[in-house]
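Following are the structures in question.
Two complexes come next, and they have one chain in common, subunit A, joined by subunit B in the first and subunit C in the second.
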Partner chain A sequence: MLLRLVFRNLLRHKLRTGLTLCGICVAILSFGLLRTVISAWYAGVEASSANRLITRNSISLTFPLPLSYLERIRGVEGVKTVSYGNWFGGIYIEEKNFFANFAVEPRTYLELYSEYLLPEDQKQVFLRDRRACIVGRKLAKRFDWKVGDLITLRGTIFPGNWEFVLRGIYSGRDSRVDESQFFLHWDYLNESLKKRKSVMTDQVGIYILSVANPEHAAETAERVDRIFRNSYAETLTETEKAFQLGFVALTEAILMVIQLVSFVVIVIIMAVAANSMSMSVRERLGEYAVFKTLGFGGTYLATMILGESLFIALLGGTGGVLLTFPAAKIFLNYLGDYFPVFFVTGQTVIFQGLAALAVGVAAAVLPTWRSVRIPIIQALGRIG
Partner chain B sequence: MEEKRAIVELKKLFKSYRRGGQILPVLSDITLDIQEGDFMALMGPSGSGKSTLLNLIAGLDQADSGTIHVAGVDITTLSESELAVWRASNVGFIFQFYNLIPVLTAFENVELPLILTDLSKKERREHVATALNLVKLEDRMDHYPGQLSGGQQQRVAIARAMVTDPAILVADEPTGDLDRASAEEVLSLMDRLSREAGKTIIMVTHDPRAARKARTMRYLEKGVLASAPEISFSQSA
Partner chain C sequence: MGLLFFYSLRNLFTRRLTTVLTASGMALVVFVFASILMLAEGLQKTLVETGSSDNVVVIRRSSGSEVQSGVDRVQASIVETVPEATSGPRGRPLLAKELVVLITMEKRESGSRANVVIRGISEDSFLLRPQVRVSVGRTPKPGSSEIIIGRSIEKGFQGADLGKSLFFAMRSWTIVGVFDAGSTGFSSEIWGDVDQLMQAFRRPVYSSVLFRLRESADFDEVKSRLESDPRLTLEAKRETIYYKDQSEMMAKFLRILGFSLTIVFSIGAVVGGMITMYASVANRTREIGTLRALGFRRASILTAFLAESLFLGLLGGTAGLFFASFLQFFTVSTTNFQTFSELAFRFSLDVSITLKAMAFALGMGFVGGILPALRASGMEIVDALREA
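Moving on to the complex of A and B:
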């Protein structure tokens, strides 16, 4: 009988129920998309490995480190492999075609980043050819690049037009791996700079270290920095996660606003759903008085009201969750350049479910309290 | 002839309401016995306290002082939750505006009080069928209240009031919202319930025609039981 009452009450004001459902659905969808944006923002952090440390100039990332540090870092106790690289900052045809591009020492870099899956034959060609580059699957798809294509980047940090031959297309080991990056040979960049008699030769943006034991990462980082203390280019070594979080921190204010908006959306829909439930309950106070007159207790009424509220919230919430997936795909199509890793995580779905549940419960609290507390005589007096 | 016992006993009952800091006495020193099987009409002008007295007897409201015994139970000593349980098995309610649940069919409305009992689904169905048969609405059991006339809705309400076989039936202006023919039908049904099923019915009414159907009549004036004035049909015409 209780379920029957809940369902039939839901259908009493189809328009009101429908609009509330739509509102919750849109709110949960918006909440999910905003949470996905936040997740995408942290994608680099999530993808970082506990085994990897990053060493950079302690003043700022914009200040380079000398290549001569390589052997000294390699000799530090606890360091297994060392690679290095520079942000290349090249532009493909025009600025709007932005993608991340790095000049790296390819052999050690691919060894450190085993999550980039590159076919062995392509890897060998890439390692042999100094003008070669490799790109991620998504980036190749975006510009319709194929292995063997000649790609020209316009340098912004390193002036001039730079030509590369695409020798490989990597894919990520899992969905967290960024498949929209471009890698070229650091040696090719350095030799070209030497030919141009540039002051930027033999300079490295960052060193990437793998440690034998992640539990000793902090001590290893300390050892590296100790070597270069009081030198003209002091270093700052941190875990890859901390390094990535440093980038996220630069945009913390934006992230805070997105987080705030995602919660405001939920609070607004809570108020809307509570208003809708209050209207329904106010209209039915006389009926609830009849239930109480017949001997039904507050628990029965509370279950009836909460059941109705939860049903609307969870149905709307389910719709919102289901719509988040195609909406995220559309979002990715338009903003994929800025969010290379953009997918709805399990955690986001759980948050969406919890938000819908919270909306359902919160919307029912006041109306339930009112219907349970109101004296029968007073409620019956509202009839007719 | 066998002497009937009092099923409702009110002793020195007082009730007042507080409105804006003022205390308004509604019932004063009411002492009244209602015999088992009686069909009693409670009359009086508006604001005389009839509905308040009915609500107190039915356990919907609490008295300021005095005792109310119904079928041997002093309901003034019961808590709100105990009263709810007591009402479920001892009182059947008939309201002026029927107060059926609009989203439930006639059958489901009558079944509603039985949800709180230990009866099986089959037993509940049998009880509901018997109650609807009693009010001659078995062919309308699948209709929703909105699909029934006022008289039919009130008959469903009577079936709902009867279905748990309560000790007393209380009716607050049961014909107040009905046309004359429907009112007559409902009153005849209540009369039959009292005579044939031996139900004790306490009915609040303004309508002298309705009061005439009752076997006894009490008159309230300014919260005090008074001797009844002469009832004239012209009053209700």
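Moving on to the complex of A and C:
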């Protein structure tokens, strides 16, 4: 009986129910998209491994460390493998084709980042050829690159045009891996700089260390930094996660705005849903008075109103969740350059569901309170 | 007509809860719309005002920003001889060879690390940038380990207080002054003597050369001469263009974000407005019938309901803008990824944003109200009066 009443009430104003449904659907969809943008921000943090440490110059990331630190870091207790690399900062044809490109020591780097899956034959060719480069699957798709292609990058930090031969295309072990990076041989960069008599030779941007036991990461980091204390290039060693979080923190103001806005959208839709519920309830106050006269209690009325509100919210919410997936795909097409890793997480879907639930409950509170409290005589005597 | 207008207004008043809910939904949308516009405007204003169009920045070709650029001493002294530069107080060209490096500092509130620009300045640097004024203390003495900090740095970063020292590049640097550069990017910088800083950071090259043109129109000639000189691997840009280029990526990001958010939000608010207006039409069917019977025309009914909806929009828009205007007291400090350094800017509200936001609010009111108003005006007198 209760359920039937809820359904009948829903269908009384088809247009209003439809509009509210549509509003909630859009709100939940945009909430989901915003949460996805936020989780894309943290993609680097999510993808980081607990047993990797990053050592960099303590002044700032733009200052290099000497190559001579390599052997000394390797000798530190607890350190297993050490690799190193530079932000290359090359531009492919024009600025808007931005992608991350690093000059790395390839053998150790691929060993440390075992989540980058590169076919064995491609790997061997890449390691042997100094002018070779490898790129992620998404990046190769974006520019339609094939193995064997010549790629020219214009250097912003290291002047000139740099030519590379594409020798391999890596894919990620799971969806968290950034498949839009470009790697070249650090040796090739360094030798070329030497030939040009550059002052930037034998300089390393960051060292990447792996530790045998993640529990000892903090002590190992401390040990590395202690060696170089009071030297002209002091180091700052932190876990890869902390390093990536540092990048997120740089833009935390924007991140906060997005986070705030994602809640504002829910508040807006709460106002809309509460509005349509309170209108429905106001129209039916006379009927509720009849219910009360017949002996139905406040709980019954409350369940009826809450049920209606929840039904609309959850139906709209489901629609919103289902639409999030195709919408995220479209979004990715436009903003793929900003966010290399962009997908809807399970957590986002749960949040969406909770938000829909909250909207449903919040929208019903005021009208319910009103209809339960109002005296029968007043409700019956009320017009429109 | 006047009567109908008051009829609409009093209707809004009678259904206070509904009016407040709908209007506050719209107010939130307008708030978000206005705040994003204000943010993008503030960013652009900051970076455009940072430059002056008579100043020319010379950096290494295709480096894009001063941070990545390097101009060695030989090249810098060739640039120094440009005849088009205006002359300074000492009879030499008004020109500054500068160093730009980034250091990591901790923010006051969150304790998170951000990259701050350290600018090594020459004697003419202050003259070239008249918008930079020393507000407390004095300028650093040439050849000393003294620094002067921008106002946003003083506000935002730990240890950045007048009289204290900052430790970087194996030296401690005394803060002898604070400068105010208005709403420009310089407010987020630290300035010190260029030779001292180059020595301390072991950077043998300058980052950029800045000079002022005697005649602004000479720019093209200077540019082509500097860029075709075989001894130089540099490029010249007007300072205004240089800073505008640096804000491009972030401004584009803010714009995409802003517009997609606004579109989505406005759908929600329009739906809310439509629900309200449909209900208010449905509730008043008999009243509408009566009005028609009294001789009011269809067009008048349409106008009355549309006016009600527009008034809702107006109410929402005003409230939204009212709250958005308080944002002007807030400063946003974030990293510009093109320069990889911290930049502080304010929300800035101007007439065009106000007009856009109001137009947007009224637009929402119109879209939400037109269909219900059409329904109201389309009713037949007899049917409307018969309605229970």
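In this section, the second predicted complex is superposed on the first by the 382 of 384 C-alpha atoms of A that agree within 3 Å, B and C clash if a C-alpha of one lies under 4 Å from a C-alpha of the other, contacts with A are read in each partner's own complex, and residues count from 1 in each chain.
Note that a residue touches a chain if its C-beta (ideal position, glycine included) is under 8 Å from a C-beta of that chain, and two chains touch if they have at least 3 such contacts.
Every value quoted in this text rests on a predicted model; they were computed, and no experiment measured them.
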Based on the superposition on subunit A, does the combination of subunit B and subunit C result in a clash or a fit?
fit
With both complexes overlaid on chain A, does A:100 touch subunit B (first), subunit C (second), both or neither?
neither
Just subunit B (first), just subunit C (second), both, or neither: which does A:349 touch?
neither
What is the value, to the nearest 10 degrees, of the angle subtended at the Cα centroid of subunit A by the Cα centroids of subunit B and subunit C?
90
Contact-wise, after the overlay, does A:374 reach subunit B, subunit C, both or neither (first, second, both, neither)?
neither
Give one of first, second, both or neither to describe whether A:292 is in contact with subunit B, with subunit C, with both, or with none.
first
Now for A:61: first (subunit B), second (subunit C), both, or neither, which partner does it touch?
second
Among the partners subunit B and subunit C, which is in contact with a greater number of residues of subunit A?
C
With both complexes overlaid on chain A, does A:361 touch subunit B (first), subunit C (second), both or neither?
neither
Once chain A of both complexes is superposed, is A:30 in touch with subunit B (first), subunit C (second), both, or neither?
second
Quick check: superposed on A, how many Å separate the nearest Cα atoms of subunit B and subunit C?
10
Do subunit B and subunit C touch any of the same residues on subunit A, and if so, which?
384
Footprint of subunit A on subunit C - complex, ascending
17-18, 21-22, 24-25, 28-29, 31-32, 39, 60-64, 67-68, 101-104, 110, 112-115, 168-170, 201-202, 204-205, 233, 253, 256-257, 261, 264-265, 267-269, 271-272, 274-276, 278-279, 282-284, 332-335, 337, 340, 342
Quick check on the complex: what are the subunit A residues that touch subunit C?
13, 15-16, 19-20, 22-23, 26-27, 29-30, 58-63, 89, 91, 95, 154-157, 159, 199, 230, 232, 234, 246, 249-254, 257-258, 261, 264-265, 267-269, 271-272, 274-276, 278-279, 283, 334-335, 338, 366, 384
So in the complex, the part of subunit A that touches subunit B is made up of which residues?
1, 4-5, 8-9, 11-12, 286-287, 290-297, 375-377, 380, 383-384
Which of the residues in subunit B end up touching subunit A in this complex?
55, 58, 60-61, 81, 84-85, 87-89, 93, 95-97, 99, 101-104, 108, 111-113, 115-116, 177
